[in-house]
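One chain, subunit A, appears in both complexes that follow, with subunit B as partner in the first and subunit C in the second.
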Partner chain A sequence: MMDWLPGNFSDFWSTYSTLVFSVGVHALLALSIWLTLSCGLLSLANAAFMGIGAYVSALLTLHLEWSFGTVLLAGGIAPAVVALIIGAPVLRLSGVYLAMATLAFGEVVRITVLNLEITGGPEGLNGIPLATEGWHIALLLALTVYGLARLRRSKVGRAFEAIKEDEVAARLMGVDVDRYKLLAFVLGGFIAGIAGALNAHFTFFISPREYGFENAVDILTMAVLGGTSGLVGPMLGASILTLLPELLRSLHDFRSLVNGAILVLVVLFLPKGIWEPRRIRNWLNRNKGKPA
Partner chain B sequence: MSANLLSIRNVGKHFGGLHVLHDVSFEVPAGCIYGLIGPNGAGKTTVFNLVTGLLAPSSGSIDFRGESLLGLAPHRITQRGVARTFQNIRIFKEMDLLENVMVGRHEHLKYGGAGLFFNTRAYRAAERRARERALELLTWVGLAHKADMLADNLSYGDQRKLEFARALATEPKLLLLDEPVAGMNPAEKTVLMEEIRNIRERGYGVFMIEHDMRFVMGVCDRIAVLNFGRIIAEGTPDEVRNNPEVIEAYLGKEDAA
Partner chain C sequence: MQLMSKTLVVCGALACAGLVHAADIKIGVAEALTGGAAQYGVTIRNGFQLAADEINAKGGINGNKIQLVIEDEQGKKEEGINVFKKLIFQDKVLMIFGPTLSNSMFAAGPVANAAKVVVFGTSNTANGITDIGPYVFRNSVMESDVLPVTVAAATKQYKLQKVAVIYGNDDAFTKSGYDVFKKVLEEQKLPVTTTETYVKGDVDFKAQLTKIKASAPDAVICSCLAEEAANIILQARGLGIKAPFIGGNGFNSPKLFEISKLAGDGTFVGSPWANTNPAPVNKAFVAEYQKKYNAEPNQFAAQAYDALYIAAAALKDVKLSGDLNADREALKNALPKVAINGVTGPFKFRPAKTKDGKPGGWDADQKPFIYVVQGGKFALHDAK
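Showing the complex of A and B:
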């Protein structure tokens, strides 16, 4: 398929395609948590939603041999349904209490998967067919970005923003706050689930340890590092956090040290994330104002 | 339908052992500017919180246009036609002025998810109308030239005006104003007095809490006086002004020498 490309690109692709796929999947995950963050909810359930999507889709492929398209859709719908069920009680909480409850939910999912027969327990699922191709990820990422961009500019986006800034004022403007919080939570679960399904079909193998606490925090870090004031930020953060460990490979043992230091520096000096349109605009204007 | 927009009957409210309102009853007629006054801590804002559904009364009933508001969520009450502003301004600071007012249009935008995703003609028309209406309201309060400014950058008086425009965007039949002229200079107060009269002319009812006596006496058709959670007087500004109990509540008792 890559015949028409220069030889060195084929080499590059065969070595790094998994990495490029990961960037796309992580971008989807970062966007999924951006949804809940955009209405002021600190939910850490997205790794678990990803896991549900990954397992449901992989099991459907392995046991029922459903087509890849339906498997992807099911991988999105399954965690969305779970989000709908747990959303009503969990979203009554706010701030760190919501974070704790969603983390606990993540643990419940992980431990359930760890102990079930059908999920392969701690050994996970092996031999998932490699069905994901680059264009699948690119298309779904593009659709997600388009959908979220449209959402942001509509009454839904304004309602999210209003809820984030002042819940009481939003209620008194006629916004059904509980419903919109649930919408953000369920949509986030759907996107994370699709990301999980895509991931499962190019890594060949999935296990419970990929969907635990650290992964939940990683997803949050991507969004926060990139910046949550727009859609570019989460994708940028996902790319950096995926590529940085690879770029720092030459540092050997110091790799995770430098990786951590970069994160600390960004959080210290750019508290609103790397991509913050307003700051960048101000900075450009300031430079324009200077005499040459 | 009764001529009364809002009927509050025998409403009591207590937080644990703290009784904030006792047996409060009064009626806000349609086409009227109604004032609620009283010393600090009398329970005025609590009355607003009960009407808008942020709190539930411990006893009594609250009817709006002949239907009970009890048990309705705040957004449902807004949808029935009650809007309010806040004593400590609550605008959306990270949004621009136009977006702030457009949040008020929320319930009037009837498009669904499909229209939104596919950017249909109906969706674009609805958004355009909401934008036009928001701009119209901003023009009306004199803030149209700042429409794309962040609300956080507004002066105090302008923030009040923005809150005013945002409340009107919900198309209320009754507008609750919590200390609308606090922090305004005399010129701004005169303008606001005119605007509030305008609102009445447009067919809205206005119900306000205000400390500025000159303003209240000047603009309100009827006034209720709340003191220590009880209504001690109700009537036209003249009746209230000459009521001995009101004078006592505000100025203290004259020593019978």
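Showing the complex of A and C:
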């Protein structure tokens, strides 16, 4: 509480800067999966895309000493290219089959990284210099949110919406379904890759186990918990899932238990996620109707 | 508004409660108390608590009591960084012990080093940990110090001519153990008949073991975690492999040889700590630990216990000025001079050799104990 006073702000920032960075990176990840979800695709490849971005960027920094800006860009482009290559065959699948195929892709990436010499194998890469600063994350998150908000209102966004609601109908209306799906998949990979590159440059160390199945599910959970109807939901979900364990730190041994219980309660009572504009509007209207 | 002021009063009261212990020496302990690495983290915490209680019962260090600030880092790298920052900037501890896993140390160690706070690992055996910087210490003995002694002892005992190797190739710990074994075997000119691999979670090793059997080695070197090692030993005996095993740090588990029963007899294991070490300080530690926690101590508890005594020995020579930064620096300068005779035997630090020649941290300079498994139990093969 006292931490919020200006005099103690530097103390607060020293203590919690990594946490704030994590919130930003997780928000980017949640937005990356929101993008594919908004096109009706249940893809679980985002953890793998994040991993590709993290490894590519970390290797460029460590071996070629590229500037951070170009490293970030490369960290986004590399997974986007991979997404482009695997997208064509994989996106012919839908629903759980797509989820399975993208999960399998994630395993392929993890095992490849595990067996390469240059990635350090299971021991991972350490000694990655600290390059990420708060404003990098804030700027990229703002750009992403702005870009996605514009995208939603554009022809592309409406096409995504149409595909999500009814793929056959969209196809009959003349929407090039395959191309739009691929676009969502590649853009999602790009955002996840940038998030991975940012993360690698403030945690000093990356290893293959950080980009496996559990993390793929974590990313999906953030988006679903927050609500996938808009851009606010995934960011809210990412913030909650990142901050909750830290806020509950004082509970010590009961931390994981309470954390899990809160998530279960949210899912039970708010199945469409926390941020659902229609429900909030209804609730506000009902309150307005009551005599003051 | 009233609620607000009440909260403030409570906060103020809490802050005052904190001031009462101002003479305490605050030491951070960041270990994995939940999650996959909790099996190590919890015993490490127990080791620290036991040592702290003993030191405080004897009047503390120069009259100052030790206060441990224990935090859970869950064995995750982000958590490790968060906990380190909380301990350094919010709790304002003098130094930090931990984290449990080498991976977490690679992530959190640079934070402490940049803040010029001593970070002291008790369970981080990976290469390159002390490359992080001059504020990084560890009393965990590296595999590269243990395995040459283990292999040499086994070679002498069994007159080994050639050996087979099996290891898990998707785990940081077993893979780095294998790398060390490989180097040791080259150095000691022991030919390898075949090298087999498995991945975490495998339960059937008959394919690899059949190949090993066909190559007729004199011993099987196994860089495995205890979970897989039990199955490997049992299935090897089932296939009729009579050669003894030589294990890395992962074999350091009494449970393993309870499960494998007599099948594991003759196995050579190197460890920084011996349960049966007859030194009085170790006997007292084992008895006290058992009394306090109603469980057998292990290597990790022993190393944590020693680590706090090492820090205490350094703190005895440090005049605490109350200026946190100066005190942290003084502790960093005092630690390398410490030499104690702890439960893991005689201990001192040696400067780390870093890859790029920059000043690094401090590694453990300690000889391992070599065990031979007899009747399903560890027996000391060769005292230090």
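Note that the second predicted complex is superposed on the first by the 285 of 292 C-alpha atoms of A that agree within 3 Å, B and C clash if a C-alpha of one lies under 4 Å from a C-alpha of the other, contacts with A are read in each partner's own complex, and residues count from 1 in each chain.
Basically, contacts are C-beta pairs under 8 Å (C-beta built on N, C-alpha and C of every residue); 3 or more make two chains touch, one makes a residue touch a chain.
Remember, predicted model here, so these are calculated numbers, not experimental data.
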Answer with first, second, both or neither: which of subunit B and subunit C does A:Lys155 touch in the superposed model? first
Could you look at A:Gly124 and tell me whether it touches subunit B, subunit C, both or neither (first, second, both, neither)? second
With both complexes overlaid on chain A, does A:Leu19 touch subunit B (first), subunit C (second), both or neither? second
Figure out whether A:Gly95 sits in contact with subunit B (first) or subunit C (second), or with both, or with neither. neither
Residues of subunit A touched: more by subunit B or subunit C? C
Please work out whether A:Pro271 is in contact with subunit B alone, subunit C alone, both, or neither, and reply first, second, both or neither. neither
Contacts for A:Gly147 in the overlay, against subunit B (first) and subunit C (second): which applies, first, second, both or neither? first
Intersection of subunit A residues contacting subunit B with those contacting subunit C? none
Which of the residues in subunit B end up touching subunit A in this complex? 52, 54, 73-75, 78-79, 83-84, 86, 90-95, 99, 102-107, 109, 111, 116-117, 119, 123, 127, 130, 166, 169-170
Interface residues, subunit A side, partner subunit B - complex: 147, 150-151, 154-156, 158-159, 161-162, 165-166, 168-177
Touch list for subunit A against partner subunit C, complex: 1-3, 11, 14-19, 22, 111, 114-115, 121-124, 126-127, 130, 203-205, 207-208, 210, 245-246, 249, 252-253, 255-256
Given the complex, residues on subunit C that touch subunit A span 7-8, 11, 15, 33-34, 71-72, 77-79, 81-82, 85-86, 88-90, 103, 106-107, 109-111, 115, 126, 128, 131-132, 169-172, 175-176
